[in-house]
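Look at the two complexes coming up: chain A is in both, with chain B in one and chain C in the other.
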Partner chain A sequence: MKGIEVKNVSKAFGKVNALRDVSVTFEKEKIYGLLGRNGAGKSTLFNVITNRIFPDEGMVFIDGETSAGNDSALQKIFMMSEKNYYPETMRLSEVIRWTREFYPDFDTEYARELAGRFGLDLRKKVKGLSTGYGSIFKIILTLSSNADYLLFDEPILGLDANHRDMFYKILLEKYSQNPCTVVLSTHLIEEVSGVIEDVVIIRQGEILKQASQEELLANAFVITGNAAEVDRFTEGKKILGTESLGGFKTVYLSEFVEKSSLPSGLELSKMDLQKYFIQLTNHEGGEMA
Partner chain B sequence: MEIRFEDEKPIFLQIAEQIEDGILSGAFCEETQIPSTTEISVGYKINPATALKGINLLVDSGIVYKKRGVGMFVASGAAKKIMEKRRKEFYQKYIIKVTGEAKKLQLTQKELTEMIERGYKG
Partner chain C sequence: MTWKAAVKYRLWESKKSILTFFIILMLLTALLACMAVSFTGDTGSVTISISGMEFGAGIFAFVLGITSFRDSFRLMIQNGVSRKTICLSMLVSGLILSGIMSVLCGFLNVLGKWISAGDSNVFLGGAMETLYFPRYQGGGNGLQILMEGILFFFLLFAAVMAAGYFIGVLYYRMNKACKIAVSVGVPGFFLFGLPIFDAVVTHGMIYRGFFEIFQRAYGFPTANPYMGMLTSLAQLLLLSACIWLLVRKAVIKD
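For the complex of A and B:
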């Protein structure tokens, strides 16, 4: 099948289980959000997919082929890593030249155009870049690679509001003209929620959810009101989390609630992705759905 | 025009309503082209699938139509159609809310009517 398939992957670093029996699929030509708190295993998952680290168990398939040691399959993926792996003293234009060696479809002209739009001077050396421009440069390489699968690990690190805005717009422009699979790994959920179609939520090395955002939020509701009444109504329902303020209580539910079933005095509202994520991945309180 | 991501209303519905608003206000005249899915997606920073869903809603209700190879156009009579639809929704969407709040505040029917008259003049 087309797409990236991660099957039953586990990876431990010493005593830390970075990934635990992870199975997840990234389909062709969709934009995904890989959401998790810091240290949840997002980068490890990307590194396993791109064969930079080897899983203890499990396999990764790219368009049906196993990725391990398979250069032609790995060439279909471009990963923008959070870290910088380019030699410090290399000029950006040289990095571009080298990248083209590994990605034959790399569009140098487009990379130059993007550098111009972001105001990045390609004569600069890698070590001369600020955190923000380091991210911008890696974004440019990723978008220009023309690979089928673009993995972005915390792409907006250090970017100011204007550059973040530009990044999302350019990404959508590129995706509209030339559909590819995009995976945005981030813990800044509010910003990406409009851009992503499907959501993968990871916590402590485990995949908690994989679904379309629409589907996920169609079954996520917030009930607020008098604590005793809220408790009575939500008893036996799938509770993600609760918050109390005096006699006032808020309960986050991960199931569909019919508006007409709600007793008067209680309020029903929908959850946005950020709220859902916080409730689902909170360590304190709340049960896993 | 702005999308409110934290809004209860799904984004595709907001897109459809804002295009309707554009048609009602005359920003998009009948038989003229509306922005493409890509333009909407990039402009609002939303997934193209969401933008398409919003536009398809307008296609289904006959407010815009597709010209093959060119793009989406406002149908003739679209403004009238939108107005009729919104008039039908007006009671449910606005009046119920207003009278509900008025009752809560113990405003009399007369006081409310006076306010509505003032609103018309203002």
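For the complex of A and C:
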């Protein structure tokens, strides 16, 4: 099968279960959002996929090949890490040169062009980069790698609004010219919701949902109005969460609601991805200990 | 070919430090040779012998091995290189670097001999003539000394570098408490514990035994450098296996 297949992967760090029996598939030529709160297990999942750490149980397959100890499978992935793994004293141009050595399809010209667009001086050393420019540099490397699978771990860390906007534009531009699988791991949902097609929601090391954004939000509604009326209407329905302010109440539902069935005085609206995520991950406790 | 890129990177990474080291060593050889020649020229009755630059190079190879694991491991893992390839690149680059270093040492010995040629009171030679003196007594065959020296030190540097790699990877794999325990415990044992035990309890038997084994392993009593080469080769193979066992389960650390 083509794509990244994660099968029954579990990983614990001491007493903390970072991943629990995770099975997830990232298909070819799609843009995914791997959404989860801090400590949900997003980076651990990426690190297992790229064989940087070993799972306690389970396997990862890249286009049907196991990724463990397999150069040809690993070379199909480029992961932009949140952390820096390049020698601090290396110049950015040298990092580009060496990335080109390991990824033969790496586009040096494109990397230089992107550096120009972001205003990044490639003569600088890795240690001389601010958090934001460190992220920009890693984004440039990832986009220029031309690998089949691009994994971005918190790509917009430290980026200002202009650079974030530029990143999303360039990502879509790149994807339209050269389709590949992109997985964006982030807890900043609102911004990525306009970019991603499919969503994988992870909480406390478990996959809660994997579906297309459209499918996920097709049955996600918000009912607002007088508390008593809202309670009456939503009784027996699948409730994700509630919010109250005085006599006014908002209920988040995860089932389809026919507008015509709504009593007068109540308001019905579609839920956006961020609200859906918040309600889903707030439910049963939220962040991992 | 990922392994070629990995080897290339490792060589590039070590290039600057090796060049700097050998330029210093070359200048030092030339300086010492000139000083020795001019000194004996003044007095005429003093014999000066300078040899063993190779041992400095050996220490350099060891330090290079110790310090070169962490950064290159992180860079290669970031670039989708498997641990198997990382290990292979360590071995191949170690052999290439050892080859370059032993040839450079051979060149320095030739340089030293050339500078001191014609002055019978000055001896500027390689470590081989000192270590295996009976074999090369009276000058021997120059080409034979050079070739055996290059081969001997090639294997010795490779083994020493592998020992450095092994310690580097071992430290990388250990947690903080383990690092402290090993850093204090191992030197403490060899510098204080064992010598005291040997002096008080075994009356020098342990160190004498070590010394004898070491001498035999390197073929000093029989003046046989090939015995030393075999020993270095065995060390290299053993250490390479140990390095693989450590690298295969190494994970990226923040």
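Throughout what follows, the second predicted complex is superposed on the first by the 282 of 289 C-alpha atoms of A that agree within 3 Å, B and C clash if a C-alpha of one lies under 4 Å from a C-alpha of the other, contacts with A are read in each partner's own complex, and residues count from 1 in each chain.
Note that in this section a contact is a pair of C-beta atoms (placed from the backbone, for glycine too) under 8 Å apart; a residue touches a chain by one contact, two chains touch by 3 or more.
None of these values were measured; they are calculated from a predicted model.
Which of the two partners, first being chain B and second being chain C, lies in contact with A:T44: first, second, both, or neither?
Touch partners of A:T44: none, neither chain B nor chain C.
A:S254 contacts which: chain B (first), chain C (second), both, neither?
A:S254 sits against neither chain B nor chain C.
Contact-wise, after the overlay, does A:S185 reach chain B, chain C, both or neither (first, second, both, neither)?
In the superposition, A:S185 contacts neither chain B nor chain C.
Applying the document's definition of touching, compare chain B and chain C: which contacts more of chain A?
Between chain B and chain C, the winner on chain A residue contacts is C.
Touching A:R52, do we find chain B (first), chain C (second), both, or neither?
So A:R52 only meets chain C here.
Taking the superposition as given, does A:L74 touch the first partner, chain B, the second, chain C, both, or neither?
After superposing on A, A:L74 lies in contact with chain C but is clear of chain B.
I'd like to know which partner A:G194 touches here: chain B for first, chain C for second, both or neither.
Only chain B; A:G194 stays clear of chain C.
According to the stated criteria, A:T234 is in contact with first (chain B), second (chain C), both, or neither; which is it?
In the superposition, A:T234 touches no partner, neither chain B nor chain C.
Between chain B (first) and chain C (second), which does A:P87 come into contact with in this model arrangement: first, second, both, or neither?
second
Identify the partner contact of A:T142: answer first if only chain B is touched, second if only chain C is, both if each is, neither if none is.
neither
Write out the stretch or stretches of chain A touching chain B in their complex.
Contact set of chain A toward chain B: 31, 165, 168-169, 172-173, 175-177, 190, 193-197, 214, 269-270, 272.
Once bound in the complex, which stretches of chain B touch chain A?
It comes out as residues 3, 5-6, 8, 10-11, 37-38, 41-50.
Chain A touches which residues of chain C in the complex?
It comes out as residues 2-3, 5-6, 8-9, 71, 74-85, 248-249, 251-252, 254.
Which of the residues in chain A come into contact with chain C in the complex?
47, 50-54, 69-71, 74-79, 81, 83, 85-87, 98-99, 101-103, 147
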